[in-house]
Amino acid sequence: MAKPSQLSVLLVSLVILFRGCLAANQQQWQQPNDCQINNLEALEPNNRVECEAGVVETWDPGHEQFQCAGVAVVRHTIRQKGLLLPQFSNSPQLVYILQGYPETYQSPQQGGFGESAGRSQQDSHQKIRRFRQGDIFALPAGVAHWCYNEGSTPVVAVVLLDVANNDNQLDRNPRKFHLAGNPHQEFQQQRQQERFGGHQQCNNVFCGFDTRILAEAFNVDERLVRRLRSEKDYRGAIVTVRGQLQVARPPRTQSQREYEEDSSEYERSRGRYGGDNGVEETMCTMKLRENIGDPSKADIYTQGAGHITTLNSLNLPVLRWIQLSAERGLLHRNAMMVPHWNLSAHSIMYAISGSCHVQVVDSYGRSVYDGEVRRGQIMVVPQNFAVVKRAGGAEFEWISFKTNDNAMISPLSGRTSVMRGKGRRK
Amino acid sequence: MAKPSQLSVLLVSLVILFRGCLAANQQQWQQPNDCQINNLEALEPNNRVECEAGVVETWDPGHEQFQCAGVAVVRHTIRQKGLLLPQFSNSPQLVYILQGYPETYQSPQQGGFGESAGRSQQDSHQKIRRFRQGDIFALPAGVAHWCYNEGSTPVVAVVLLDVANNDNQLDRNPRKFHLAGNPHQEFQQQRQQERFGGHQQCNNVFCGFDTRILAEAFNVDERLVRRLRSEKDYRGAIVTVRGQLQVARPPRTQSQREYEEDSSEYERSRGRYGGDNGVEETMCTMKLRENIGDPSKADIYTQGAGHITTLNSLNLPVLRWIQLSAERGLLHRNAMMVPHWNLSAHSIMYAISGSCHVQVVDSYGRSVYDGEVRRGQIMVVPQNFAVVKRAGGAEFEWISFKTNDNAMISPLSGRTSVMRGKGRRK
Amino acid sequence: MAKPSQLSVLLVSLVILFRGCLAANQQQWQQPNDCQINNLEALEPNNRVECEAGVVETWDPGHEQFQCAGVAVVRHTIRQKGLLLPQFSNSPQLVYILQGYPETYQSPQQGGFGESAGRSQQDSHQKIRRFRQGDIFALPAGVAHWCYNEGSTPVVAVVLLDVANNDNQLDRNPRKFHLAGNPHQEFQQQRQQERFGGHQQCNNVFCGFDTRILAEAFNVDERLVRRLRSEKDYRGAIVTVRGQLQVARPPRTQSQREYEEDSSEYERSRGRYGGDNGVEETMCTMKLRENIGDPSKADIYTQGAGHITTLNSLNLPVLRWIQLSAERGLLHRNAMMVPHWNLSAHSIMYAISGSCHVQVVDSYGRSVYDGEVRRGQIMVVPQNFAVVKRAGGAEFEWISFKTNDNAMISPLSGRTSVMRGKGRRK
């Protein structure tokens, strides 16, 4: 049985209404990693879409830094009563909650039918999980999820999609499959031409099926199917829930309540004839969340300098499956993290607060970056490239996603601490 | 000790005598998966070769559906007393027996020398395994095998080659290495130009070695080596065994019998100086076969709708090694399998009997297929693409190969059964 | 605690002073394996660089044989008192000691900071490992190492870099990251154009960082940092140690001794503020070395023919991690290894002594090689290609690196021994 005390999840979905542009030729995304990088950049999202109840911002996945690392990144802002509509991706994902309070809760759409388990249909269920600031969620490829902000402040999350992962058997394009609403593919408007000469009025997965087939499959009438397809719904990937979001959760009796308004029609219909898309049992019972925002859990703590908390497959086993890990760090004013390299992972660093001076060096001994990284920016540090960070005039906090389930770093000089405070030396 | 009560299998070999055409440029096969698919198709084999004792049919592996999935498919028909000559491939394979009775038996060529085991040569052996309709065999990359039809009806098998598998370290071209006879590369005539300006008179592996070297290595005279090379043997990959096929099997004394006719010369010569090509101990003792044709073993059974049996690494551990699994299903007349998607695998569906209406939807919400799939046709459903199936006016049976050792599906709506009979609803 | 009784090693670094040529366009290296090979060759190193205390020889990694196998190869000769400067690579490596006596010792730079372990900095350490002829070392990607020849004869080592390995997340270019000295990228002069219009005066990793930042990070003065950067040091990757090399090793008290001359300045400075770059605990305690040169350990022994010793993940578990294994063989005069193929690995054979007649056959039954392989030459035998070897007029010894942690071979004829002596037959 799923408990409502756990939180859930994740999200990311970018809506650009009235935008054309799906790519005709994506050949340039199909190449193996190419890390012939002469200059790195601190990157801000270069696409922003306002939805009814939030904002979706993406970084261009075609940028050479992301192509080298084989990842894509998106940032979601979900306002009060905002619902990030259900979706899944061809890539495993890591989600870090930059902002959000415990009263927020969400639910991945899980349970249901696992081919391998040979179970019958009655054990389908969905897990509701609450989350808070500092949480990381792991989302395997193809697992559906949605996210609802029940709290009074916006939820902000940064999401890494590992498109180069072995579990993505399509191609290197980050894709979202939407189970509701009418959002555009969030990464595609940046590079692509509309294939069909205009904005699609319906692009969630239900749109492609015949209305009668869906009505029969779900045992509902066709009018409800048309609602499900959300045609001409231009509110985007994050919509406002009017009244109360009502989802199936223990005790199950709650799920029979009626909702009051139109925008919760989606949930209502799902409440009747389904609503919990599935994933196999072992995945369902696996822990998908861990908090790494709490300084008291730091693995590395250097007085006067800062602390680092790591999350890998040893403390969150699902990470072995999706081959990702993360590092959450804080440097005090002017403190530094000494020069080091990542042994067998790329590091994708997102600056949470403050700013930092970063230098990165390649295999030729050349500097490929020497500059600031500020709050909200992302920098990719390729595998084996050496890097040093020094905080600016205020505390610097970051989250680094790493493309290995047990990423390790090695300092150029190992006997010292990996962090060093300002003023204690020289 | 290998027991003759097990069966084996193996198959697939395409012979096109007097055909030119090996490809000079296969660059288009070398790319990573590209799944920019606008339209799927239900495909029939587009190449057919009559051999002395059977037929080899292949689907063009260069078709975008197969390129996306990273697989190749072949179908073998082996008539009574037909022997599919020994061979191995650079790709792991899954073989499904569409038709064939227990009195048929075969033998993979196993045992012999495992580098890693450090054993001496006396423990070489070969396993004889019988098979029957509904069986699936797993064949790791590089493992030699042959197949003999001792029964009175033709054996028909459909074979999936997972060329995108990590164990294939060559390239994306499906290749067969033949240990006897003179068959052409079965997949190549479809795309390629003859490299050498004409049909080769000898193209099994022995052909490339010096006659004297082989005579010395096998301690036989050169006349026998020339037989082994099968020069100017144009009977193809499936030949008729005159008299009785005699292979080494317990009790070993059988293997000293003499055979009566020319076509068993191959076995005779192998009986003398070898005949059991090797694979390492753990692979030898591993179970390679499972039957999934029996409805009583179904994992999912819905009254009035149908049933599904899955085979994955949990019930056949060798599948973990080769990273493949399979699903065998049956839908009653007009029954349907509700809309669902594959989480982290491609699904390659072969229609065994009947026909089925299929709809497939991509990440843009577009229909990429809406039509029939009939007996003998193949359709690739790419990872994460949503699919619905409804049986036609008769029972529909299928086998789906999946590119993950524990492939899972998720229904768009999970609370209902994944199958639904006609007439019970609405 | 690390014991000095173990040895280590690792090496490989190629210095071409005053050479231009880093490649602007390396696209041809970025493709997946392409094994459309019509002819193999026995290859000698085609680049040779004299360093102050040794020689670095490389084989062109762009050659189609190495492109097919996804590997690069280098050979190091380190003279008495020669130090191969510290470095690491984006690829896992296997090192075979062709020549070298027990009094030689080296040290990989290990210990230090493991992200995943959450340990504080005091447990940093480095392991000193001795080695001798016939030893194989496994080096995971990103692990720093150096090698010092304390003996009286040159150390000669052949090193395989598995650039196609999953742990290399950059691209297919073999790269070295140098932690001292000023060596060029050893593989690059063969294909590339100088990017910056001339020889770089400083190309180790320290060169790219700001002097002040390094001084602060390491808590030393800037003069020492400039030494660390080794600007205008043209001695190459292998330098002479004047006086005695002094590295931190148990008992640690040794590490406080002062060194006498300039070239040990590097170690002195590292002795003060570091010197032991890190790798995570489990890697540190893992055995990285095994000797396979001893005939008494042979897995296969055939009287009058020869013997074979294999090293795989069953007897050296770190090989599971880096997905490589090795085979060390000896054939007596005119003895042969019977025709066989590698099931799921490429085999990269280096001829240690003597010569051998080799025939290799592809999937079309064509001979792709029929000729000698002599001492010091390398031949790639692609996965599944059949091969036969016969020793020439003297004993033939070889080491084969294999791109699978448990590579297996299968003889064309399995009942006989895989080896056969001359004169016992026919």
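The first chain written gets the first letter, and so on, giving A, B and C; residue counts start at 1 in each chain.
Definition applied: a residue touches a chain if its C-beta (ideal position, glycine included) is under 8 Å from a C-beta of that chain, and two chains touch if they have at least 3 such contacts.
Chain identities (UniProt): A, B, C = 12S seed storage protein CRA1.
The model shown is predicted, which means the values in this text are computed figures rather than measured ones.
S.K.: If I superpose chain B onto chain C using their CA atoms, what angle of rotation comes out, to the nearest 5 degrees?
M.R.: 120
S.K.: Copies chain A, chain B: same or different interface, half of numbers shared as the threshold?
M.R.: Different: when the shared numbers are divided by all numbers used, the fraction is under half.
S.K.: With centres defined as the mean C-alpha position, give me the chain A-chain B separation in Å.
M.R.: Result: the chain centres lie 39 Å from each other.
S.K.: Can you list the chain A residues in contact with two or more other chains?
M.R.: 31-32
S.K.: What does chain A use to touch chain C in their complex?
M.R.: Interface residues on the chain A side: 31-36, 38, 68-70, 164, 299-302, 308, 310, 312, 314, 325, 327, 336, 338-346, 359-368, 370, 382-384, 386, 388, 390, 403-404, 406-418, 420, 425-426.
S.K.: Using the touch definition from the top, list the residues of chain A that touch chain B in their complex.
M.R.: It comes out as residues 22, 26, 30-32, 88-90, 109, 111-121, 124, 126, 140-144, 167-172, 175-179, 185, 200, 202-210, 213-219, 270, 273-280, 283.
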